[in-house]
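Across the two complexes that follow, chain A remains constant while its partner is chain B and subsequently chain C.
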Partner chain A sequence: MRYFLQRLLQLLIVVFAVTFTVSLALGAIPNAEERILAAKGSGAINEVEKNKLLDSLNLRDPTLVQYGHFVQDLVTLDWGTTFNGNQPISTSISDGLKISIRLMIYGQLIALLLAIPIALMAAYRNGGIFDRASTTVSFGFISMPNYVLATVLGLLFTVRWQWFPAISEDIGFFASPWEHFKNFFLPTIVLALPLAATYMRLLRADLINTLQSDFITTARAKGVGTGRILFGHALRPSLFSLVTAAAVNVGALVGGSVVVETAFNLNGLGRRTVLGIFASEFRLVQVTVVILALVYVTINFIVDILYGFLDPRVRAGRLG
Partner chain B sequence: MSSLQTAVRRETGTLLEIEDLATHFVTAGGVVRAVDGVSFSLEHGQRLGIVGESGCGKTILSRSIMGLLPRRNVIRNGSVLFEGTELTTMSLKDRQKIWGAEMAMIFQDPMTSLNPVMKIGKQLAEPLRIHLGSTRENAQEIVLKLLQDVGIPEPEKRLEQYAHELSGGMRQRIMIAMALACGPSVLFADEPTTALDVTVQAQILDLIEEQCRERNMALILVTHDLGVVAGHTDQIIVMYAGKIVEIAPTATLFSKMKMPYTEALFQSIPKLDEPSHTRLVTIGGRPPNLISPPTGCRFSPRCPYTTDKCTSIEPELQQAEPGHYFACHHPVGSDRWNEVQVSLGRRTGGR
Partner chain C sequence: MTDIATNTTTDSTAVALPHDEPSAPRKFRRRGRITKWISAAWLVFIVFTAIGASWLPYVNHSCSQFSNEKLCTTHLDTNPLLSERPPSWAFFSDTTRPVVGGAPERFGVFGTDTNGFDIFSRTMFGARNSLLIGAMSIIFGILIGGALGLIAGYVGKKVDKVIDTIMNIFLAFPALLLAIFIVGFFDSGTTSEAKSRSIVPIIIALVILSIPPLARLVRANTIVYSQREFVLAARSLGAKNGRIILREILPNVMPAMVTFAITGMAVLIVAEGALAYLGLSVSAPTPTWGAMIFGGQAKLETAWWISIMPSIVLFLTVLAINLLGDALSEKFRIREAIG
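Up next, the complex of A and B:
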């Protein structure tokens, strides 16, 4: 319980730091007012509307008041509209999140489903042919930039064989499972392969360490079969690096899959943020950054709790 | 099921017969001849000690007998007959049926030998569930009885605990309970007390001895400590550089040791009747490199009685009396031995 509360306190401190910095960032942008007005469109704005807009952003208030308004707006979900087009920011973000979260979940699932069995096999016959082959292939995927992978797979599957659409559409799973699969398959694979390669390397290294532990010899001497040794005894104590990496990637994938989203024309959160930066949509970017930060700290919090389940010694405060 | 652990094995006769067993590791530096032609046999219920310095092949020998070593980069030779069945050619699946059921092993460091993330109860039940197909409830019942047998207080509470919540001695008792679970006919104990407090060591050794007697279970006790094997074994094998250099019933070995290496090990035990601050006797040098062991007798570079014969001709095991064998050209009590004793200013004559 003390462990739990400690982590919770850490979480709150990080959330405060992020919101405060992001709130101040707007004031730190040179010529913020002019750029916002430029984003608003060419001259089609009168003095009254202009003042209303700038007031709604509290740009002219003292720092602490600005921060107070910012937090209030965040909490009451009153995020305002985009400067250009007056689209509600909440709609834009939730549309983007829907796509990005889907991609993240699919990518993570495929990556873990590939990485765990391969790592187990590679670690069990450490130095064997399978191990060496999978190591080589995984280094290939780790070192290949994802725009290359996206282009190559896109060329093969959408241009040559035309199995999948070149431009993915956001078709819901329940609307048409098959169309949903077809539209999300390629972006998922492009995200998942390099991830799977990284995960496999991490898990393999930890497994090799664990498999040399005395308690594995004990299990063998008890007559425990190979499968049970790997899954029942070796896997769980070897999951620390994998869980840590997978957790960091949750945030990274939700906010940072810009290349894949762009390559397959999916309007995910990452792409919207980058376009928002270019278009001086500061409010959109601010809110997105806060949401991503919340995703990161929440996932980290969950992972800290998860460590306790992975290894009871963490709960007892003997490690970490 | 509970009849199984109260069932006492009444079998007599030969349990294990090891013939010319060799285990060599292929490494980048060359072939390490960790066990190099070892033969002995073990009777039902017999307690055997294997003694030697670190790195002389004791642990590898015990693991080779069980067949626990990895197959890759290992050259194995010789034969291990377990109740008449050849183990060295047996498939992994078949050996797994024997491990934990017929042959069990406990290890040096109880701190690291238990799975840190699995509850004690589950680890203890595992051999029962694997080998006897016990149900969860059934296994738990047997486990509780086992924990009582090995002297663990509050056994119910232990089932839900993890290894880090227990003391070293307690963990070694858990290891013993786990090894005893399926009623094996031989227990391999690899330095079972080395990592424990001195006060706990005796308790653990007594527990092992008591369980061996109760279950008519044979014991192979591997240790570097002659004091440990003295009170708890029927027979002792002294190993040096992968070979047996002396083998004798325990009492005989201590009273009529022949091999200078055994003598040196014996002399390096601190004696209570010596005045305090007496310099401890050590064996000079180190056990030899097993990639290219010395020619002739492998102990010759460290032996005070070495002659040219020792460095050129490897001594074979020879009989001192029935059941007592040694491999030495100049055993304790020989002319050469006496001569060196005199020159060192020690007492003359045999011991």
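Up next, the complex of A and C:
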């Protein structure tokens, strides 16, 4: 319980600091007002509207008042509209979130589906041909930047063979399953392969350790078959690092797949934020960054708590 | 007592966790040694050409004797006659650009881009910038992150809590977005103005990215070592805190830090590329690998080599750095203790 409260306090401090920094960042940007007006298309705006816009952002208030307004707006979901085009920011974010979350789920699923069987096979014949080959290949994927992978796959699959569209469109699964698959295949693969490589290495290392423990020897002596040993006995106790990594990635990938989204022209949350920075859509950027940070921090918090729950050593502070 | 300190580097695990992989069969290890040497050789080659780019004959200036006319190009001189030529070995690719004025159909080791720049030259001059950005960032990252980690781990208590919380705040932001924001922050002026960006904001952004993980790693190691008997011995001999940190703890933390920094440098080189890919790197005509890969994206259909050749060099370099980092961490038996 004490551990829980400690972590909770830490979480609250981080949340406060994140919102505070993001709120202040707007004031710290050089020529923020000019840039906002430029984004708005300043010619078409009169003095009254201009003042109204700048007032709504509370740019001219003292720091603490600014922060107060920012938090109030965040909590009451009064996020305002984009400067250019007056689209509600909440719509823009939920549209982006839909794509990003879809991409994240597909990527994680494919990565896990690839990583678990490969790791099992590699760990079972540790040092064998399959182990060496898969370790080498996974090392290659870890060292390959995702934009390089996107470029190479793009060249092969969209330019040479034209199997998939070069620019992915956000077509819903129910609208047309086949088109949906075609449009999301390449981004998912680019996201999943490096992930799968990381997961496979984590799981393989843990599995090798587990397979050397006594209870595996006992099971083998009893005459339990290979499949049962791997899936029934060895897999579960080895999943610890893998589950942690996968969970942390849930938060990290939602905003972190900017490069993949850009490469395939998908308007996910990350890409919207980057475009927002370029277009001086500061309000949109502020809200998105806060949301992404909160998601990430909360997931890490949950993982930490579960960790402490599952492994008493963590609670006592002896690990990590 | 410094003797004890230096001895411990070899006989103990950096973070007190058991090494997780049993030693591989001997044959595998020998093959590992060969890859290590190849990686090292590749890195030496890249660093050497990066430093010597201005003086090395082919890199600085490449020419082709064709139909009695001599056509030359460098990494910064445009030559319309040599626009978008495939590499000379790429018999399967043709240029879509007009072949006039006795210009060759194929040119150079890596081909040429739309402006007629020699891509090999640009890649090597790009190595200069990419490696410089990576190295500078990781050096500053080590200095700041290492210092923070040492202080947090050695002093402990409130100082530790404060530093740890600050690091958590930095880690809460999505890394790439944070970098983009920092780089964008230094772009003064309105969006309409033409921007010229130097490598300084990019280095600052990457340094900030590299501090938290380094600080965490050093902190974890410092905590382990500050409880060891040689630190107690030094303290009972009357050594000051500064001396204990620098002479007793730092040398022991060093191997873990350096190994992590080497892999970290690969991550930062990739991150610079990602920034460039999103359109936020050093402004043209200064080449970096990321900017070159990004620049060729639109031409993927007609001139694949513009993007692919620097991609291959970047991939091989990152791979080589990772392989060496892996070998080092195996040598020092370091498990990644960072979350």
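One rule holds for everything that comes next: the second predicted complex is superposed on the first by the 281 of 320 C-alpha atoms of A that agree within 3 Å, B and C clash if a C-alpha of one lies under 4 Å from a C-alpha of the other, contacts with A are read in each partner's own complex, and residues count from 1 in each chain.
Throughout what follows, a contact is a pair of C-beta atoms (placed from the backbone, for glycine too) under 8 Å apart; a residue touches a chain by one contact, two chains touch by 3 or more.
Predicted model, so just to flag it, every value in this text is computed and none were measured.
Enquirer: Kindly classify A:293 by the partners it touches after superposition: chain B alone (first), chain C alone (second), both, or neither?
Expert: Once the two structures are laid over each other on A, A:293 reaches chain C alone.
Enquirer: Which partner does A:98 contact after superposing on A: first (chain B), second (chain C), both, neither?
Expert: neither
Enquirer: For A:50, decide between first (touching chain B), second (touching chain C), both and neither.
Expert: Neither partner.
Enquirer: Scan A:236 for contacts with chain B and chain C and give back first, second, both or neither.
Expert: Only chain B is touched by A:236; chain C is not.
Enquirer: After the superposition on A, what does A:180 contact: first (chain B), second (chain C), both or neither?
Expert: Neither: A:180 stays clear of chain B and chain C.
Enquirer: Among the partners chain B and chain C, which is in contact with a greater number of residues of chain A?
Expert: Greater contact footprint in residues on chain A: C.
Enquirer: Touching A:259, do we find chain B (first), chain C (second), both, or neither?
Expert: second
Enquirer: Touching A:69 in the superposition: chain B (first), chain C (second), both, neither?
Expert: Neither chain B nor chain C is touched by A:69.
Enquirer: Which chain A residues contact chain B in one complex and chain C in the other?
Expert: Residues 127 of chain A touch both chain B and chain C.
Enquirer: In the complex, go through chain A and note every residue touching chain B.
Expert: By the definition above, chain A touches chain B via 127, 213-215, 217-226, 228, 233, 236-237, 310-313, 316, 318.
Enquirer: For chain B, which residues are in contact with chain A within the complex?
Expert: 66, 68, 72, 92-93, 96-101, 104-105, 107, 109, 112-118, 126-127, 130-131, 162, 164-165, 175, 178
Enquirer: If we count contacts the way the header does, which residues on chain A are in touch with chain C in the complex?
Expert: So the residues of chain A in touch with chain C come to 10, 13-14, 17-18, 21, 25, 28-31, 34-35, 38-39, 126-127, 132, 139-140, 142-148, 151-152, 154-155, 159, 205-206, 208-209, 212, 248, 252, 255-256, 258-259, 262-263, 270, 273-274, 277-280, 285, 289, 292-293, 296-297, 320.
Enquirer: For chain C, which residues count as touching chain A in their complex?
Expert: Residues in contact with chain A: 20-22, 24-25, 28, 165, 168-169, 172-177, 180-181, 184-185, 188-192, 220, 266, 270, 273-274, 277-279, 290, 293-294, 297, 300-301, 304, 307-308, 311, 314-315, 318-319, 322-323, 326, 337, 339.
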